[in-house]
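The two complexes that follow have chain A in common; it is paired with chain B in the first and with chain C in the second.
Our next item is the complex of A and B:
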């Protein structure tokens, strides 16, 4: 199962194809890989399809938007090929359409990869793993974890602040200047409280014997085992397999250069 | 000038005290003529429970952080004098070592954890102590058992109740097996029953483990039975009393009262109910009928109906999370009910124009800072009048009057955020009074305040009430309800479980228990006397 893979290994396994994919400008490579990632996600995790679709769908529209814009404004090196149709001063070429679709597919690949990571990874374990595998300083990782706890309280406080100001009649302030001032009114108490809380948490952590040194024992021992390497090999290996196949079939296009 | 009090503990002892401070001074800024903590010397003995009390802003919490060496280092403050732990200067301890011998539970349950679940938070402490991994599970289960948290081991901390959160804080500190446990107003945010449970848990643990405990607290009553010794600080950070419990409260009674420190209720004479007879209220001011409120499918309030009258002092009580604050927000029209209506002076809230409604109804928030929107106290007080287009002359007059009435004359041009706790509280009330409101709503206004601030607030409130303003308090303070309120509404899991006079409420024992409320001190005392009387008879 993906959720039991070591988070640090998982992160690297996802970043490598993520970065390399951005160089391929054909359609075949990202499309094949996207199908693989989606299939892999559902085969080896228990993410409900409905939840996945709920997060994924908005990105489909965003990707379509990207594709359309790229198709319209393709740079000269890519906009070769037959002119499909023209309107106003735009010329839609086959080259442009290809690049557009490729971009959309690449974006969706990133989204699918990110979702595979986010929906199967526990934030605490991710931080612990970064600390144990990548030797990130505990000061940083525990700091991030403590900050993570604040998000819901921050939202609640903003809500209360808005109500308090409404009672005072601030909502009645008019004009751009009034709006600007209003923003400052929210920012100062929110910041003041956030700083105060951060200080308190820091003191509480130190008073429990936290020194920020690496010399500590671990309750959750984050190990890297065979399963993690199998995962790594499948995600990264498949990527290279897809690129190779694409090359064999003559589809591969890196930065506009056809191979 | 007051004479300096003699030290109660003889300086030479066979065994060194657990903690001994000598001429400790501290300030967050550079050295000043009158630092926040000013030349304080005292000892804490092994196995002893000591109470540290003092008015708000007297540096109580700061002292506790000086004892475990976190201050002055953490804040780059200025410090003078020496603190000894079992005779050894604490500045000689390696970083992190002393912290493990002194455990602190802080006041705010929201800001003392760094992990999401109870399990991981407890593990965090043990990892800091370098407990071998194989021993961790056993130690964790043991401490969960002791604190009664076994069932919530895998739960997220933010989902727990305030009482449970404080127990988690206690549990993670107990894992260090501290020699000294410092409790910095740990029950200030808890409902009455959770608060009592926490105190009893600490008392039980103290008796079993014989650790020393330093309690910093405003509300002394529930701790009284367990305290051996009392230390008191005055507003200038000087130690004004140090000695055995009964001796301090007997000898320094006047001094403590003058400093605005809460005395234990046993010592106060005037715990009688004010007013005596409940007056008849005829004119309704605000009424609620069949009101329900949901938040994300979850029912917060269910089918409530109630009527508030002119000049009535109403309390809303109930467990944390029972929907008290939500009810207050619905009354103020800053939330809209899912079902039912709120009627204010013959018109439903929905029909009111926002400006008109705000003129007639005030709301004082728990944290006064939330209400401040300008840079000076003067602007703060005139803000509402400016919006209403009050003429300049009249406005000036009114602001001056408010400044005088709320003892803020000297702070006319200060930034509201720079005021002391009590001044902020007064200002937050004053901002609501540019016109005498018909209804004034308060969300836990006395929480975390010292005796003096509370008394000041109550006299302001009673003044308004006499002018016909309806006062509504959401509060956990049963003594306040007993002393001042005419009507109590008790919420229990979103339902109106009781409405009537406090006297009627005190008779309903099972209801009080269910809503996690307690009897006020006065009534408890009467009951005890009654029981003794029964025995004698």
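Our next item is the complex of A and C:
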């Protein structure tokens, strides 16, 4: 199951193909990999299909928009091929359409990879894993976790501020200038409060004996096992397999150079 | 690397990262809307560029307030990581983008040896972050496939946005915060305190 894979390993496994995909400008590579990622997500996790689709669908439209934009503004080195049609000053070529579709598929690949990560990872475990596997300083890790824990309280504080403003007769602002002033009226006190809290938390941590050294015990022990490497190998390995297949079939295109 | 940092400075930086992660995420959706609005005019590529500077602001604020080596880089990295924790659709890739943007701002502060934090340096840091992020975007979103004219125009808009929304706005927000007195324990607050004492005497 993907949800039990070590979060730090999972992150690296997802970033590697995410970065390397940026080299490809053909359709075959991202499309094949996208199909693999989607299949992998549903085979090895318990994410409800409905929930996944709900998040994924908006990005399909976004990707289509991006494809259209790329098609319109394709640079000369990519806009080879037949001219399909022209309007205004735009010339739509087959090369442009291909690159547009490729970039759209690439962005969908990123989204599918991201969803696989987000929907199966617990945020606290992710931070703990970064500390235990990647040697992120404990001072930073616990600082971030403390800050993260404050997020829900911001909403409450915002409500209190709003009510405080209301009771003193400050109503809702009108116009752009008023809105900006209103934003300042909320943002500065909210942040000032956050800073005060940060100071208090730091003092509390130190007074309880937190030194921030790596030599410490952990309540949640994050480990890297065989299963994590299998996950890593299948995500990254499949990527290289796809690239190789694409090369064999003659589709591979890296920065406009056909191989 | 963080030996000379006090714990309260690290926690402050983390809190900045968390707060701005939320703001970044809100702006992500705002940018989406802006882009949809501009699409009928054929200006969709500029939707994000106009507000891009906001994504560098935490670097500027953290560096300006704390004034320690690494503040710009780490705060941006934290903001990126927390965005992933909250569940940004951009995913773990965001951590790399954040690191690169943070590095862009950090370079400028490092060049002044963390001594000069005038408006001009802050604006320059915002612009540098924009340049770094554009180079990364060029690679990652396949901007190589777009026409040079469009690339030049979007690049100019992003750098300008970095100067205004990150540099200027970042300084303004930090100064406003310092005026409330909550930053008294940090470098910016201490500087303000000294200035006030000098004026009083």
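Here is the rule we use: the second predicted complex is superposed on the first by the 240 of 259 C-alpha atoms of A that agree within 3 Å, B and C clash if a C-alpha of one lies under 4 Å from a C-alpha of the other, contacts with A are read in each partner's own complex, and residues count from 1 in each chain.
The working rule: a residue touches a chain if its C-beta (ideal position, glycine included) is under 8 Å from a C-beta of that chain, and two chains touch if they have at least 3 such contacts.
None of these values were measured; they are calculated from a predicted model.
Taking chain A as the reference chain, the count of touched residues is higher for C when chain B and chain C are set side by side. In the superposed pair of complexes, A:36 makes contact with neither chain B nor chain C. Legend: residue contacts after superposition of the two complexes on their common chain; A:123 is shown touching both chain B and chain C. By the touch criterion defined above, A:65 lies against chain C but remains apart from chain B after alignment on the C-alpha atoms of chain A. Within the superposed three-chain model, A:55 lies in touch with chain C and out of touch with chain B [touch as defined at top]. In the superposition on chain A, A:168 contacts chain B only, with no contact to chain C.
Look at A:99: by the touch rule set out above, it reaches chain C but stays clear of chain B. In the superposition on chain A, A:203 makes contact with both chain B and chain C. Looking at the shared chain after the overlay, A:15 reaches chain C, while chain B stays out of its contact range. Of the two partner chains, chain B and chain C are each touched by A:146.
Taken together, the two complexes place residues 123, 146, 148, 188-189, 192, 197, 201-203, 205-206, 210 of chain A in contact with chain B and also with chain C.
Contacts from chain C toward chain A in the complex involve residues 1-2, 5-8, 10-15, 17-19, 22, 32, 35, 39, 42, 44-45, 74, 78, 81-82, 84-93, 95-96, 139-142, 144-148, 150, 173, 176-177, 180, 182-183, 185. Here chain A touches chain B in the complex through residues 123-124, 142, 145-146, 148-149, 152-153, 160-161, 163-172, 185, 188-189, 192-193, 197, 200-211, 213, 215-221, going by the rule given at the top.
Residues 65, 68, 70, 74, 95-96, 99-100, 102-104, 106, 108, 110-117, 120, 123-133, 136, 157-158, 172-173, 176, 329, 332, 334, 354-355, 358, 362-363, 365, 367, 369-373, 383-384, 387, 417, 431 of chain B are the ones touching chain A in the complex. Across the interface of their complex, chain C is touched by residues 11, 14-15, 18-19, 22, 25, 55, 59, 62, 65, 69-70, 72-76, 78, 99, 102-103, 106-107, 110-111, 113-115, 117-118, 123, 126-127, 130, 137, 139-140, 143-144, 146-148, 150-151, 154, 184, 187-192, 194-199, 201-203, 205-206, 210, 212, 255-256 of chain A.
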